[in-house]
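Across the two complexes that follow, chain A remains constant while its partner is chain B and subsequently chain C.
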Partner chain A sequence: MQVPLLTVENLSVRFNMPDQVINAVNGVSFSLNTGETLGIVGESGSGKTVTVLSILGLIPKPPGEITGGRALFEGQDLLPLSTEALRSIRGQEISMVFQDPMTSLNPVIKVGEQLREALWTHNPSDSRSNHRRRGVELLDMVGIPQPERRYNQFPHEYSGGMRQRAMIAMAMANRPKLLIADEPTTALDVTIQAQVIETLKAARQETGAASILITHDLGLVSQIADRVIVMYAGRIMEEGRIGDIFSRPRHPYTISLLASIPSIQQRRTKLYSIPGQPPDMANVPPGCPFHPRCAIGGDRSACRSDSPSLLDVGAGQRAACHFTDEAAIWARERGT
Partner chain B sequence: MKTDAARKPILDIRDITTSYHIRRSGAQKATTLVAVEDVTLSIKPGETVGLVGESGCGKSTLGRTIIRLLEPSAGMVSFAGQDITHFNHQEMRPLRQEMQIVFQDPYASLNPRFRVRQILYEPFRIHGISKAVASQKIPELLSLVQLPPDSLRRFPHEFSGGQRQRIAIARALALEPSFLVLDEPVSALDVSIQAQILNLLEDLQTELGLAYLFIAHDLSVVGQVSDRVAVMYLGRIVEEGPRDAVFNSPQHPYTIALLSAIPDISAAQGQQTRERIILTGDLPNPLDPPSGCRFRTRCWRGDQLCVDQEPPLAPVSDSLVACHYPGPEDSGARS
Partner chain C sequence: MTRYVARRLLHGILVMWIVSTAVFVIFRLVPGDPAAMTLGFDASPEDYEALREELGLNDPIHVQYLRWMGNLARGDFGKSITHGYAEVSSLVFPALGRTLELAALSILLAVIVAVPLGMISAIREGTWVDHIARVFTTLGFSMPTYVMGIGLLILLAEVFPLLPPGGYVPFGEDPVKHLSQLIMPVLTIASVTAARLTRFMRAGMLEVLSADYVRTARAKGLTERRVNYWHAFRNAAIPLVTEVGVNFGLLVGGMVVIEQIFIWPGLGWLMIQSILTRAFDVVQIAVLVSAATFVIVNLLVDLTYSWLDPRIARS
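Let's turn to the complex of A and B:
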């Protein structure tokens, strides 16, 4: 039995705002093996980003507060670690790529210098020229043309896609064991997105790093992740291997989402539209948070009063729903 | 329904070119950015034409030129048989009732200090329609976009993104237009809300016989709503045709690449998918577009002809295609 690289157990995070408490993450558990890619999908406010940021100690406290759980990285719980201890893990063992490459790069420092700094921080004894050589190598690895010349340019001289690739180079600089990418291609055009995804895949392959991809885009996740977690209102609704989740979803939320996205392969006569609005995170409905919008649970008392736990539904697939069998039948009838 | 002119296009643009004058700092000379060049397009009543392309391709500029928020530097715009290319502000005013626009960001397009009642009253006020008529129409508008009647008392910030987009659509429909430009109307919305708005737009079209120009970067969304699709690249239309022709048998290499770049869930569902083509390089600088075919710097089919000559938009099977070497990818055109 392989020991997972990262195990998150029962993580709960809340934000204590002046006039309300927001329970952003509620009892989230998952694990990630070495070399594996996990997708976390969900709509805005579903808690996908907060989950990951709190593991890395990157949520502001206050107002943020981790109210429970553990996050074991190679057996060590990250949650109680000091800022300094976490800082040495971030960038070295675990690195991140964010959505907007323009705000993550320093606009007044040359890209090469920023790369060199990342290398130097975690390996200060090495020589400047070695850092430089490795920096150029990294730019070349992520497919930036003329890496020697590009090394000496400023971020504004890069296009959006190149900036994001430079960010990936920086994230890969110290051969991390885990790469976390939060909506890495959301700001990019489709053809550039395709390039960046290929770069991510190549970088992953080259370093053997495990990765977590956070996105709202089900299509994207289906192309690069091995497993996926579907989040809603700070909870995991469903988890499983890509093939299982996309062809045999068992949670009504997953089924509804899949039925509501247009496909370029065949035009649907009418998209399924999930009724209602996303939950107000300060006033999440009791019971199953999805019940007011659910086509199956609806007004059943179990759904209104009891929050379903995430249970095995076979083959490593887990779903948090009282009526997963009915959901599966509904999915087949819908043809999703 | 306004179907008496069903065969005649409601909107007809010919050889439209729209440019922006860009002032540069210091000693550099002012330059002209040609955002849209030589575009011809027509839209029939009740029809949806989808306009797709990546950022900077000129699709929004074209949308704004069509409803004359911008003046074209060449070409002709005609609406309902009337040449409006050089109409001034005064002359455009009565036509504004007929053509409306819905923008991408429902946070920026609604005045945060106005209650929904005032937001919806604005179009009536601007066009000098009496308060009595307006107050009769406004509740109807709300029910048309499926918002509860008590919304009128509330401010935009009390609504979610999807509900705000409904308010923006209600405002656009206030004066019973026959044509709407929808500029990325769902791209700021969450997945579960996108479908609601797309379905609403389709219902409204059926009910009111509206014509849409649907502008989006997301091909799957465009494919869902459009009757015809036009693909733009660097200011020009490179392919245009019926929805199924463009999506099922794309002819222009750019359309082929664009379609193959969309991450689609079909593969994960065990269905056949098309071969993935990863374009190299970035969009060229629109201030200095390549000679000949503008797509040639990223194209895998191009040769000297593409450098020398700009390909005209010409019929290929069911579509119009601007390429010297059009055809589906498996026809062996790869060089």
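Let's turn to the complex of A and C:
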């Protein structure tokens, strides 16, 4: 049995706001092996970003507070580390690409300078010209044309897609062991999304890094990830290998998500859309957080009162639902 | 960039033209013409008529206007009858210099205090440093300048006679005395300005510290120092330049009370003195020069801003 690169155990994060408490992440556990790609999907507000930011200590505290859990990276728990200790992990062992490339780069510092800084901070003894050469090389690697010229430009002179490429270049600069991409294409034009995903794939290949891809696009996950986690209301609803999740989903929420992917292969005539809204994270319904929207458990008392735990449903697949068998049947009937 | 500079310059010239026209209109069309203002009410009709003739007040208004604008354009600010036909510029410009000295030193001191204080209170939001800074800024905001000035005067010149109670000696004559005369007015102005700038800096820093690119900088593994004082500060400093410039411009025109309290013969003091001695020919130029300084400072601020912010420079 391989020792996982990253093991998150029972992670809980909340935000203590002046008038309410937001339990953004509730007992999330998962692990990731070297070289593996994990997808995290879920509607907006389900706690995906907070989960990965917590690992790197990037949650603003206050109002954020990690109330429990561990995040073991190569056996070391990152959660209690000081900012100074985390520095050698951030950008070197674990890097991140963020959702909005328009705001993720510093507008008053040249892109090359920001790239060079990522190299310099982890190799301060190396010469400036070496950092520069490597920086230009990285820009070239992520497919930025005329990298020499582009190196000296400001972010506003880049298109959105190019900025995200520059972010990817920065993230792979120190050949991290884990690359986290938080909805890297959500803010981009559809036409550019595929290119950026290709760049990410190439970066992953080039560095051999494991990766976590956060997205709300299940279709994208199916192309890239080995395994996937489905999150809802700060909890994991279902987890499994990508093939299993697509062919044998066991959680009503996953099934609903799958049913709402537009796809030609499927013989459905009508696209499913999940009734209702994602929960207000300050007032999550008791019991199973999905029950107000669930086609199966909507009015069962077990669903309303008892929060289901994430249990093994076979073949490394886990689901948090009281009625996984019925869910499986429902999935088959729906033809998902 | 050149087009931007040209446009801003043109804008400045336009403002100056409007101001000089306004000064002309105000000083010519208000009841009691300049001749009456100069001579007072008890002057004989002969003297009055002679002065009107001398000042060209009997010419048609458009002739007077063109002469006024023409003189200004040539930099000829005329002579002051009240001051024994001295060149007005020889009165106004030294006074402007003294006001600028006071304003510049005050702004400098305010910036030196406000930038670190505002930054640290933002970085350490909610800690004791932040609370102390808040007390300081609230005090600076709530206390009128003249109260602060008179308070200092009583404290440092009366109760503990450490400093001269105002006055002015040129630096070249007695540097130590000159500087000791500067201390109180500079402290007075700087404390109010520093309060304003601290609050501005703190708000700007707080905003920038929650920006996505600051998170990116942290995610790269940069030190907190580099994140705060390089990535965040560079962004927070850009609007600060404008704020400092605007405050400086306001100071140059708003020094009347302070110069009066500390008997500092700057532009504000000259204006008051000239009004009291009915030297309208000095007052009108002083107003004009004060306005011009404000326009020039703002022009410089805009240019610095566009130079600092790459997003404006290129567009």
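Note that the second predicted complex is superposed on the first by the 331 of 336 C-alpha atoms of A that agree within 3 Å, B and C clash if a C-alpha of one lies under 4 Å from a C-alpha of the other, contacts with A are read in each partner's own complex, and residues count from 1 in each chain.
Quick note on the criterion: a residue touches a chain if its C-beta (ideal position, glycine included) is under 8 Å from a C-beta of that chain, and two chains touch if they have at least 3 such contacts.
These numbers were taken from a predicted model, which means no experiment stands behind them.
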| item | value |
| --- | --- |
| Which of chain B and chain C A:Q195 touches, first, second, both or neither | first |
| Chain B versus chain C as contact partner of A:G161, first or second or both or neither | first |
| Which of chain B and chain C A:P278 touches, first, second, both or neither | first |
| Chain B versus chain C as contact partner of A:I89, first or second or both or neither | second |
| Chain B or chain C, by number of chain A residues touched | B |
| Chain B versus chain C as contact partner of A:R133, first or second or both or neither | neither |
| Which of chain B and chain C A:T103 touches, first, second, both or neither | second |
| Partner chain B, residues of chain A touching it in the complex | 43-44, 145, 159, 161-162, 189-195, 197-198, 216-220, 222-223, 242-243, 245-247, 256-258, 260-265, 267-268, 270-275, 277-278, 293 |
| Residues of chain A touching chain C in the complex | 56, 58, 60, 62, 83-84, 86-92, 95-96, 98, 100, 103-109, 117-118, 121-122, 154, 156-157, 167, 170 |
| Interface residues, chain B side, partner chain A - complex | 54-55, 160, 162-163, 190-196, 198-199, 202, 217, 219-221, 223-224, 243-244, 247, 257-259, 261-271, 273, 276, 278-283, 298 |
| Residues of chain C defined as touching chain A within the complex | 126, 210-213, 215-224, 226, 231, 234-235, 238, 308-311, 314 |
